[in-house]
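Encoded as C-alpha cells, here's the structure I'll be asking about.
Note that the chains take the letters A, B, C and D in the order they are written out, and that residue 1 is the start of every chain.
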Amino acid sequence: MDILLLILIIPFVCGVVMFVMPLHFKLLQSFHILLSLIVSSLLLSAVSKVVHGAELSAFDNFIFLDSLGAIFLSLIAITGLLVNIYATTYMKWELEDGHVSLKEVKNYFALSFIFTWTMSLSVVCNNIAFMWAAIEATTLASVFLVSIKKDQKSTESGYKYIVLCSIGLAFALYATILLYSAANGKIDGDAMLYTNLIANAGNLDSMALKLVFIFALIGFGTKAGLAPTHTWLPDVHAEGPAPTSALLSGVLLKCAMLGLIRYYAIVANGVGFDFVQSVMIISGTLTLFISSFFLIRQHNVKRMFAYHSIAHMGVIAFGLGVGGAIGLFAALFHCAAHSFTKALAFCSTGNIAKIYGTKDMTKMGGMIHIAPLTAVLFGIAICSLVGVPGFAIFVSEFLIFKAAAIDGSYLLMGIFAVALAIIFIADFSHFFLATFGKVEGKVEYNGEMKFSENIPLIALAILIVAFGIWQFDSFTVLLDESVKTIMKK
Amino acid sequence: MVFGLRKYKLSIYAYALQTLLLVIVFLLLHFKYGAHELLLWAFTAFLMKVVFVPLFLLKLVNKLSIINEDEPVGGFFISPVIALSFSLAVSMMFYKVFVHFSIFKDALPLFAASFIFMIGIFGFILRNSFLKQILAYCLFENGIHLSLALMAYNSHELVEIGILTDAIFAVVIMSILAKRFYASYDSLDTSKAVNLRG
Amino acid sequence: MSFFYLLLQLIAAILVAPLFDGMARKLRAKFQSRIGPSIFQTYRDLLKLIKRGRTKSHSASFIYQIAPYLMFATTAAMFCALPITYGSDAVFAQFSDIFVLIYLGALYRFMFIIAGFDTANPFAGVGSSREATIGFYSEAVSIICLIVVMLGAGSSNLPHIASIVSLSEGNYGYLVPSYAIASTAFLWVMYVETGRKPYDLAEAEQELQEGVLGEYCGKDLAIIDVALMLKQFSMLGFFLMLFEPWSFENPLLSLLLFLAEIGVLYVLAVFIDNFGPRFTMNKGMKRTMLFPLSIACIALMLYIIGV
Amino acid sequence: MQTIYTLFFLTSLLSILLYKKPLLAQKVGFSLASVISLYAAIFFFSSLNETLIWKLPGNFISMPIFRLDSLGMLFSFLISLIAFAVSLFSFDYVKFYEKKANLAVFASLFNAFILSMLLVVASDGVFSFMLLWELMTLISALLILINDGKGASKNVMIYLGIAQIGAFCLMVALIIMASFAGSFEFSKFDELNIGFGMSLTLFILLLIGFGSKAGMFPFHVWLPLAYCQSPSNASALMSGVMIKVALFAFIKFSLLLPQFVQFGYILLLFGALSCVFGVLYAAISNDYKASIAYSSCENVGIIFLGLGGAFYGLGAHIPSIALLGFIAALFHILNHAVFKSLLFMLSGNIYTATLTRDMDALGGLHKKMPITSIIFFVAALAICALPPLNGFASEWITYKTMLLGGMEQGVMARFLFVIAIIALGVGGALAVMAFAKVYGAVFLGLPRDAKSFEGAKEVSSVMLLPLCLLASFCVGLGVFMSDVINILSKIVLTFIPVVGFNQNELISMPTVVLVMLLCAIVPFVLLYLLKSNNTITRITDPWACGFIYNKNMQIGSNSFTGDIRKALSFILRYESEMKMDGYFSKVVYTKKVHDFFWDKLYEPVIRLIMLIAEKIGIFQNGRTNFYAGYILVYLCLVLIFASYYL
C-alpha cells in the first residue's frame, strides 16, 4: 500500500485506538510510546524514500511529498516522537500531583495523535486549499492539548488560541481563493495544486500574486507567530503543559511556516524575489526586535521560551528575506534546529517546574546543585537558542550572515547582529538567575529526575549538538533539493 | 443584524436567516451559470449551517441560560455603526480586486461576501461576548464560503468538505470552550480574560 | 680602563657630595641670619651615624634592612649612567640610556615607598604617599621635555645625545627653540626631583617627603643620606648632560668640570628654597605644576609642528 | 600537535567522567594537565620555525583545518608554558574550592579551557574559529562561576555581554572578509582587494571584537568584575593567556587587510587611553585583585602601543618601525603573560590565607608567608617595568618604537606617537604607585585586622614551585633580552618585509645588572673602610610623634591614594563616607570606586533598553479584541506599504 496513505491513516487510527483504551496508566503509557514509535518510523521511511530521490504522490497529485515537505515531515517524526515519550513522564507527574484525571490523560494522548495526523496532512497536501484546511485543523486538534486543565488561565489561553488563529487563517483562506481564481484558466491543470502553480507561476498576474502573498503573510504569519500577529503565542505556550508547548513551538509553527514558504515560492517565481524578500525582511526585523524587547522583561521561564519561538520565527523570516540559495538554506535549516532546540527547552521547563513548583525564574536559583543534569540540559537549550556556536541554531544564523555578506547587504547584518545581541544578553542573565547562586524560593522536589525520564531530553540535546558541528549528508541533500525547488528560476 | 442584535436567540435566528440567504444565492448562481457543483454546496451548507449550527448554539444558550449580551466595546449602538462603516470601507476596497479575478463577474455578491467577512472580523474586534464572537466566526465563515463559491466553485470537492468540517468543528470546540469559560468566569464577557499579559 | 674611570666618577661624587651639602646648609643659615655649621658638618654627621648601630621597629621586615643598600645601589647606578668620563664608544654607552636613568629613578621611588610602608610609621606612610604623588606629577613634565630632546637628537642614548648637542657638531642645540624651551621646564623637574622645598626639606619638617626616613638611624641613615645626595647629583647631572654637555677630551678634566657645575647648581638651589613660598601638597603641586607643564607642552607643540 | 590536542581532550573527558569522585578527578585532571602542557611547551618551542597543518577527520561542518605558522607556534608555546605553571599551582590550590563546586567539573573545564585556547590559535576557518572562540568565552565564564559568590552571575553577565557584542562584531567582520576572499579559510585570505573605507570599517570591527576580549579601553569594565570573582588560577589563565589569544587573533586578522597608516593611529590612541586609565584605576582601587586586573588593561594598552607602531610602519612602508613595533608587542605579550599570571596566582595565595580582598584589612603578611612575599616583590618590580626585570626590557623596546615613529615627518604621526610616549611614562609612574601600594599594604607594616592575619600561613611547596619558576622567568627574560629579541625578530620577519636589525642599538641589560651589583657592593666597602662595627639592633615601636603607637596609625591603601584622588577628582568617581563615633574610637573610612566609563558609556544604553522593554509591555495587554485589531491594522499597513513599494 502506498506509504503516503499509510502515514495519513495510521496516526488517525492510533488516535482512535488511544480513545478506546481502558483507563490504566501503565498500559496507556506503554501504548503511547509504542504507537508513536510506529508512526514516526513510518514517517521517517517516507522521508528516506524522498531522500533517495523519489517524488511521492497519491490521489492524482492531491497529496504529495517533495523534499521541502520531507524536511518538515522528518521534524514531525523526530521531535514528535521524543516529545511524546517525554509526555508520558510528564503526565505521570501531573497525575501524581493530581492536576489531571486519568481520563484527561487518555484524551491527551489520543489528541496528540490526531494532532500529529493533522500536521502531517498539512505537510503532504498538494492542494493549497486543503493544506489550509489541514492547518486550521491543527489548531482545532491542539486546542484541548493546550487547555487541558479547566481553570481560568488555561481556558483563556485556549480561547485566545482558537479565536486569533481562526481570524488569521481566514485571511490565509482568502489568499488561497484569490490565488486560485487568479490562476484559474491561466494555467493548465488544476489551479489548486501547488505543483501546477509553481510550475507555471510565471504566467500569473503579478498584482494578484503580490496581494496573495500579503494575505498569506498575515494568515500563516498569525499561525506561525510573526509579530505583530504573534499575540496568541506566548499565552498558549506558557499555559499549556510542557509537552504540548514543545509540540506547538517545535513542530506546529514550522508547519505554518511551511505554508508560508510554499506561497513564498509561488509568488517569488511569479513576480521575482525582490518583493517577497523585502516583505519578509520587514516582517522578520519587526518580529526580532519586538520579541527581543519582550524577552528582557520575562521572568516566567515558559513565557520566555515562547517569546523565543517568536524571535526564531523572526530569524526564519529574516533568512527568507535575505534570500539567495544560502539564505533559504539557512531558513530551512533553522526550522529543524529550532524545532529540536525548542522541544528540549520546553521539556526541560517541565523538569524545572517539577523541581521548583513555579515558573518564575526569580524564585529559582542553585539548580546546578539540585539537579545538575537538568541544569545542563537547560543550559544547552539556552545556549543553542541564543546562538552559541557549536549548537544547531548558530549554524543557520551564521549562514544568514554569510548570505547577507555575499549579497552585500551589510545593513541587514548589523540589524541582525544587534537583535541577536539583545536576545543573548537578556537570556543569559535569566539563565544565570535560575541556574546559579542561592535558591531564592522553595524547592518542591529536591533531586535529579530519574535517568530514564531524562532520556528523550538527552537525545534532543545530542541532536542539537550534532547538528551544530556535524554535517548530515542526507539532510543536506533534502535542504539543497528544496532550495532548488523554491528558486526554480 | 446578526451583529447588532442584543438578544442571543434573536441573533442566532438572524444568523440562520442569513445563511439561508447564502444558500439561496448558491442556488441562484447555480441556475444562472449552471454550475452544478453549487447544488451540492447549497445542500451541504443548508444542512450544516442553517440547521445544525443554529440548533447547536441555541442548545448552548439554553444550557447557559443567558439572555442578553455583555457590554461590547463602545456600547451597543456605537459598535455596530463603527463596524458597518469600517467594513463598508474595507469591502469597497477589496471587492473591486475580487471582481477582477473572480469567475462570476457579478459585483453584488462579491461585495456582500467581503462585507460579511469584514463584519465578522469586526465582530471579533468589537464584541466582548464569547457567543457573539462565535457568531462572528460563523459570519465570516459565511463570507468566505460565499466568495469561495463565487470565485472557486469548480475546485476539488474535498476542499469544500474540508473547509466546512473545519468550520463546524471550530464552532463545536468554541462552544465547549464557552461552556468552560462560563464555568470559570461565570459570564461570557471575554474582556474579563486578561490574566495573561506582558 | 673605562671601568676604572666609572669607578672614579662614582667615588669622586660620593666624596665631594657632602661638601656641597655643607655649603648649602651654611648658605641657608646665612640667609636665615644664623651662623650655621661649618661646611664640613655633613662629613661629621655621616661619620657619627656610621659608628652607630641600627634601630628597627618591630613591624620591620627584610625590606627595611635591604632598602638602604638597594637605594644606594640605584642612585649610584643612576649616577654611573651619566656619561661624564666616557663617550659614546665605551662599553657603558649601551648602559647609559635615558630610560634606564628614568626607570632606575622609578626603582628608587619604589624602594622608598615600600620602605615607608614597612616601618608602619604614620609619617613614613604619608611621606611615601607624597613621594608617589610627586612622582606622578614630575614624571609627566620630565617625560615631555625628554621627548623633545630625544626626538630632536634622534636617540635615547645619553652619550649620543651629548655628542650631538655639544657644540662640536652644533646642528642641534639652543638654536632649536623647542630644545631651549624644554630645557627651562626640565630644570624645574630636576629641582623637584632633587627633593627640595616646597616639596621637601630634609632638615626640618618630619611630615614632609623624607618622613620615610623617620625610622632609620645609624649606618642605614648614613647610607640613605649618601644615596640621597647621589640622587640629587645625578638628577642635576642629568640636566647638565642633556642641556649643558660641555666636556673635554680628558675624562678627569671633564669630571672636575662636571663636579664644579653641579656644585654651583646645588648651591644655587638654596636661593629658590629660601625665597620661594611654601604650599600644602596639592596646592603646591597644582600651582607650580601648571607652569612647567605648559612650558613643556609648548616645547612639544613646537617640535610637533617641526620648528 | 594533534596528539597534544587529543590528550587535552581526553583528560578533560576523563575528569568529567570521574564526576562521582571529585578528589581523584582533581588529582588526575590537574597532574595530567601539567604534564601534557609541559610536553606541549617543549614541543611548540622546538618547532618554532615550522608550519604544521592538521585536518580534522570526519564530516564536520566546514571541514575544520588547523594550521600553526611560527607566530601561532609562539603563542601556543606561551599558552602551554603558562598552563603548565598554572595547572601545577592549581593541583593544591583548587582544594580550597572543594565546598563550592565539584572539583571534577573544575578540572575538566580547566583542561577544556586550555584546549580551546590552543585550538583558537590554530584554527584556520571562519566557522571553526568562531565556534572555538565562543567556546573559549563560555568555558571561561563557567570557570568564573565556579566561585559561586554573590553577584557572580551579574559580573559574569557583564563579561559575557561585552564578549558577545565583540564576538558579533568580529563575526560580521570575518564573514565580510571571507565573502571578499571568496573562501572561508584564513590561509586563502591574502590579497583582499578592499577599498580604504571598507577596510577601515573591518579593522574597527576587528578592534572592537578582539579589544573587548583583551580588555582594551573602553571595554575594560569587565576585567575587575570577572577577575575578582573567578578562582585565581582561572583568572591567571584568563588574564595571562586568554587576553593574549585575543591579541594574537587581532594581529593575525588585521595583517590580512590592506594596510593604512590610520590603523596605526587608531591603535596608538586607544593604546594610550587604556594605558593611562587602566593603571589609574589600578592605583586607586582598594582590592588587590582589582588592582591587578586593572593593570591588565594598562599592559594591553602598552601592547597596543607597540602594535600601533607596527601597523603604522606597515602602512607607511617603513619596515624598520614595523619590525621594532612587532617585537615590542610580542615581547610585552610574553612578559605580561608571565608576570600577570604570576601575580594572580599570588593573589590566590593571599586570598586563601586571609579570606579577604580588602587591602585595608591586611598587612604584615611577610612574617607569615615570606616566600610568597618575596616572589610578589619580584613580580611587582617586573610589572612596574623596573630594571633589570623583563617588564623594563619590553617597555624599553616600545619606547624605542615610539621614538622612531615620533621622528616621522607627518604632524599626525608625531602627535600620536608623542602622546603614546607620555602615556607610557605617566603609566609607569602610576604603576609604581599602584604596586608599591599593593605590596606595602598587603605584606609590610603591621596587620591591620588581626582576624584575617591569624589564619594566614605559607602555602604548600607544590604551589610555590611554579611561582618560583615564573619569577625566575621574570628575571631571565629581562637579563637575556637580546637573545629573546633575536628569536622574536626571526618570527616577525616571517610576516613582514625583511629588514636589517642592529643589536647594538639596544641597551645591554647585563651591563645594567653588572653596574647595579657593583654599586650595591660600594656601601659595604665604605662601611668596612670606615670601621662601622657596631651591630647592636634595638627593637622599638614605630615613632608616633610622642603618642602611644597604635597600628591604626599606619597608612592604608585608602589613605595612600588620597592626594592623587583629590587631584584627579574630575575623572575618578568615588563615594567616600567617614564614620566616627567618639574621639578615641577608631574612625571608619570607606571608599567605593566607580568606573567612570561604566557610568558614562554603558549605563545609559542599558537604561534605554530597559525603558523600551518596560514600555513595550503595553502592547501585550491581554485583550483579545486588541489582538484581533492588530491583525487587521497590520494587514492594512502591509497593504499600504506594498502599494507604495510597487
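Just so we're on the same page, contacts are C-beta pairs under 8 Å (C-beta built on N, C-alpha and C of every residue); 3 or more make two chains touch, one makes a residue touch a chain.
Just so it is clear, the model here is predicted, and its values are computed rather than measured.
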Fill in: Nearest-to-centre chain - CA centroid comparison
D
Worksheet item: Taking mean CA positions as centres, which chain lies farthest from chain D?
Response: B
Discussion item. Could you work out how far the Cα centre of chain B sits from that of chain D, in whole Å?
Written reply: 69
Discussion item. What's the distance between the Cα centroids of chain A and chain C, rounded to whole Å?
Written reply: 77
Item to complete: For chain A and chain B, let me know how many angstrom lie between their CA-based centres, rounded off.
Response: 30
Discussion item. Need the CA-centroid distance for the pair chain A / chain D, whole Å please.
Written reply: 44
Worksheet, complete the sentence: Expected list for chain B, residues touching two or more other chains, is 121, 124, 190, 193, 195-196, 198
Discussion item. At least two partner chains per residue is the criterion; list those residues in chain A.
Written reply: 159-160, 163, 167, 211, 234, 294, 297
Discussion item. Among all residues of chain D, which ones touch two or more of the remaining chains?
Written reply: 617, 620, 624, 628
Practice prompt. Identify every two-chain combination in which the chains touch.
Written response: A-B, A-D, B-D, C-D
Item to complete: Spell out the part of chain C that touches chain D in their complex, as residue ranges.
Response: 6-7, 10, 14, 47, 50-59, 61-63, 68-70, 72-74, 76-77, 80-81, 91-92, 94-95, 97, 99-100, 102-104, 106-107, 109-110, 113-114, 116-126, 128-130, 132-133, 135-136, 139-140, 142-144, 147, 150-151, 154-156, 206, 214-215, 218-219, 223, 226, 281-282, 285-286, 300, 303-306
Worksheet item: Quick one: in the complex, what on chain D touches chain C?
Response: 364, 366-367, 370, 373-374, 377, 380-381, 384-387, 392, 395-396, 399-400, 403, 406-407, 409, 411, 414-415, 418, 421-422, 424-426, 428-430, 432-433, 435-437, 439-441, 443-446, 504, 506-508, 511-512, 515-520, 522-524, 526-527, 530, 532, 534-545, 551, 553-555, 559-564, 566-567
Worksheet item: Can you name the residues of chain D that touch chain A in the complex?
Response: 58-61, 127, 130-135, 138, 145, 148, 150, 152-154, 156-157, 160-161, 164-165, 168-169, 171-172, 175-176, 178-179, 609-610, 612-614, 616-617, 619-620, 624, 626-628, 630-631, 634-635, 638-639, 641-642, 645-646
Worksheet item: What residues of chain D sit close enough to touch chain B in their complex?
Response: 617, 620-625, 628-629, 632
Discussion item. Taking the touch rule as given, give the residues of chain A at its contact with chain B in the complex, in rising order.
Written reply: 62, 127, 129-130, 132-134, 136-137, 140, 143-144, 147, 150-153, 155-160, 162-163, 166-167, 170, 173-174, 177-178, 180-182, 184, 190-192, 205, 208, 211, 234-235, 238-239, 294, 297-298, 303
